[in-house]
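What follows is a single structure, written as structure tokens, with notes after it.
As written, the chain order gives the labels A, B, C and D, with residue 1 at the start of each chain.
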């Protein structure tokens, strides 16, 4: 392992992207095998780098700015995760995206995103970081716009929101640079006070915007409908979460030293808690599986931000662990949804039902992942959520823990509803029996791998916690801190776990109640909450995109431009139109009439002009 | 005395200018118009040479006039070529037909 | 001086005839006559070279060019000049002459002038040595004229036009 | 050898018709462009060094003997030379493709070179009569070039141009004769010295007025402008660009400036008349441009309006005003050249100049549309392009001298300018692509290249205006203020 391997880690997917773009459409299998081989090699490289864990490489770039790459515990771990997801999603795409009209571009963008993401994770200098980060913005736009007709609008929305977040981050980086005098990330260690606090907030916006926290999330549910489902599993569910939370952790741990209980810590926790609760409330009432999943993708970010925001070791560890767990089960869920869409042709909960008989493997994978995201013992979600609860309680603010629990209740309730509607219960009347088959193996393998990983990381949580998470936190925590996270990982008999289990039971109760109220239709199970007095109003507003800052911003700008147009532009225009134009055109008309093309006329002007000038000069001379 | 002589020439030159401009302003035939230009040209040469006479530098004025005449020939050639082409294009030598460009 | 004034008046008369004549050929001839008279005036002013040029080039070459043009545009002859212009001419000319004699003369008499020394040398020396830059200009202007005539009478074959 | 500026183009143009017999297209293309490029390089490098010790008066030597050809080079002439060669080179490049279908390319280049030689000679000469001769050299070539298409409209425009121009030349000559009669001299400085001794205000004023009429007609100042909107649009596009970009400035503005400053020492009466002539031209021509539907005619009226700015700036007479006027001269030469070239591209592609028939051409001719927009923005005075800076300098100079009314006129007229250029942009390039233009193609390589080159120069002048201003404009303005 030479340091240049770091560079290859970035260049390999980049070159693959170019090669994939060049493969002609008519050639079969070449593209897919190339993509798979490239993804596999990336994964292998990531494993190899994970084993080394300590490398750095740098070269002069853009004049005095250095392209600095640095690998240590944390990036190595993220890199491994990214490469793993890249491989699984490529495998899945082999079938799912086979008939997409722009499949060339799709693969190219996926691998380009991977290259940029690897670069962003590895870079140890702000300039290349921003370069890679902004590059991701472009591929994000490109990938969403592959979705079809309406995707363009969503892509624009995603681009603008993410772009604003990135702009905030660049501003923050600028402040950090002026404060610390260096662009090399590993040399920076600031206390978030005064201007540094502002820088912290700005960079934080960049990070959580990438991860999709509220209020920067609104493009994700839209994209879930418009964009290819593999994109959802790839970008918002996996890559962007990993990158965003990775950067957030770097910001909180490396670049700044976030103190537990400080104002910024509480700000982060508030954002996290609000994201958990609000997004899960929205998820609960969705009638479309992909939309539902996408709101969960937002909601779960809240746990990570909450965990990291606690700034206590167990909270941070929980946040990071939740990040990797979430990437696994949310990808699994999106891929299962894709599998359903692939065979049943829809992801609308109202039109699905009883698919477990026809698609048992998909159903099993979905169930495991759904239980994991809901935090059911002994899956990985349970472990990481417990850690976040512990961390939240350790800061002494019970309210955050309560918010997290509320989130857990509705998460489980919504997944009961989703699973019940899609895979169990009665078969939908619209669907003829036997028409739907199980998906091909290349689609199932990624789902199963992810489901198995969910179980493994839950039952044998000691492995990831000691191997991956602990070293990361250890390198940043103060000496002597309590760093054994595994002690109560699967312990059911303590107060916190008890409350969690109670929450799950409550959720089950809510679901059963709603199911009965909705006339045994699972997709109506959330209606009682939907129509509860206070919530109804909120949901109505949410339906109207009342809380969508982008839509509101657009509306505001439209309103403003309307006011400007009617109030200022039109009156001015009227002055011009009625006043100036009338006078001007009369004058112009007169002048044009004078130019009648007669030579004698023109000559007479010239002679008259001569006489006038002679007179003028002589008058003025005296 | 010499100044008086100069004035006489200038007055007659002014007469030539008047004739030329009168022609340019009132006539319609393109060739006639150019005759007007020629008359103005004669006025100019007269002014130049008489000025040289008044300044006692007749040789210099002479060389100026010669240059001016050469120049005039060149100009006449071009102008008449334009007129012939115009006649071919319009089948008319009337200046009033030349009002296509206006506004 | 008196003879000179008579010549000048004759030149004006010839020019006026050139302006007013209905027949273009007569007008051209009148113009040539006017040039001839101017040439004689130049001679009498002590400028033989200018006189020769005026007579040979202006009265000769330019008149030939005029004739050629008139011949090439034979039907163009029938451009009807306005009658009132001819009738009004004496009136305008009288007004002008009065202005010329009484006002212009008054103004021109006041033209101040520096005393200058008489020049020495011959015409050739002046033209070739002092005004040699003008010769370049003459060359250029002849070149421009030739090229212009070439351009204006160039053959326009269809291929070129497309 | 400054004489090369006159001698080389003349010699080449004499040979070109013969060359044209041997090679119809390629050789004339190469020859003409090489000559202009060589002269440009010389102006930018060699001639600059000559000026290091101040103005140069060069005596041409021929066969080892001094010939009495005196040509003078100072900052002002050098600046004009630079502008002339720069724009004419771009135009010659453009002509490679554009003049294909006019035929007789060799003859065309020969006329172009004679015109350039005439302008160079005018700029380099230092006596009144030489100015007149070279004015005529350039003018005779320009008559033929305006009529080059040989259509009825071209000939009509050329005829009116010629007939008005000749009267103007007569006025100039009478003015020269008057000054000659008073001072007995023809050289600028000698005449100026004589005038100082005489203190002949009235007659000098008449002479000045005659010059103003003569050169004002060449510069197309209102009310002497009527030939320009006929002649400039009728000429082939590259010639329109030369006429609008160079000829009216060299034979009009340069001559006025040179004579007003160096011969008459710019009395305040002359300054006032110049400024007001400029202001009237700016406003009236801007209104006229507003009412045009013909693209090139609109550009032609715009030329009158912009020359008004130049004359206004020079007429102020303060160093800043003169510099601003000259800078605007330079900017306008580049931008108007560019605009006429792009209009030629549009005309060649669509076969029309009528703005109402166009629309959406930007989609089919992106380079043409883009470069046209740059030129239009520069002339309209949109920062940071060159036209903005020069107009700004003129306006500042006006305010400094207390001419608030003129400053307001200049500002308002620049709004008008923007207005009609926006009309042009909207009608020609923006909006929906009309059905009949769906097969229109972008202009050929050399035409696009010339437009892009000029556009880059326009942008460059704007971005590095301080450099351009201090290295070219300021020396020119200084030379004008000081004299030889």
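Please note the rule applied: a contact is a pair of C-beta atoms (placed from the backbone, for glycine too) under 8 Å apart; a residue touches a chain by one contact, two chains touch by 3 or more.
Given the structure is predicted, the values throughout are model-derived calculations rather than measurements.
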{"item": "Pair joined by more contacting C-beta pairs (A-D or A-B)", "value": "A-D"}
{"item": "Gap in Å, rounded to a whole number, between the CA centres of chain D and chain A", "value": "59"}
{"item": "Inter-centroid spacing, chain C versus chain A (mean Cα positions, whole Å)", "value": "88"}
{"item": "Separation of mean Cα positions, chain B and chain A [Å, integer]", "value": "84"}
{"item": "Chain B-chain C separation of Cα centroids, rounded to whole Å", "value": "5"}
{"item": "Chain D, residues touching no fewer than two other chains", "value": "129, 133, 136, 140, 143-144, 147, 150, 159-160, 163, 167, 178, 181, 184, 202, 229-230, 291"}
{"item": "Chain B: positions in contact with at least two other chains", "value": "6, 21, 24, 26, 30, 33, 52, 54-55, 57, 64, 67, 71, 74-75, 78, 82-83, 85, 98, 100-101, 103"}
{"item": "Sites on chain C at which at least two other chains make contact", "value": "111, 113, 116, 130-131, 134, 137-138, 141, 144-145, 148-149, 152"}
{"item": "Which pairs of chains touch, using the document's own definition", "value": "A-B, A-D, B-C, B-D, C-D"}
{"item": "Chain B-touching residues of chain C, taken from the complex the two chains share", "value": "1, 4-5, 8-9, 11-12, 15-16, 18-19, 24, 27-28, 31, 34-35, 38, 41-42, 45-47, 49-50, 53-54, 57-58, 61-62, 65-66, 68-70, 72-73, 75-77, 79-82, 85, 89, 92-93, 96-97, 100-101, 104-105, 108-109, 111, 113, 116-119, 121-123, 125-127, 130-131, 134-135, 137-138, 141-142, 144-145, 148-149, 152-153"}
{"item": "Sites on chain D touched by chain B in the complex", "value": "129, 133, 136, 140, 143-144, 147, 150-153, 155-160, 162-163, 166-167, 170, 173-174, 177-178, 180-181, 184, 229-230, 234, 291-292, 297"}
{"item": "Sites on chain C touched by chain D in the complex", "value": "110-114, 116, 129-134, 136-141, 143-145, 147-152, 154, 156-157, 160-162"}
{"item": "Chain D contact footprint on chain B (complex, rising order)", "value": "6, 17, 21, 24, 30, 33-34, 37, 40-41, 43-44, 47-48, 51-52, 54-55, 57, 64, 67-68, 71, 74-75, 78-79, 82-83, 85-86, 89-90, 98, 100-101, 103"}
{"item": "Chain A - residues contacting chain D, complex", "value": "584-585, 587-589, 591-592, 595, 597, 599, 601-603, 605-610, 613-614, 616-618, 620-622"}
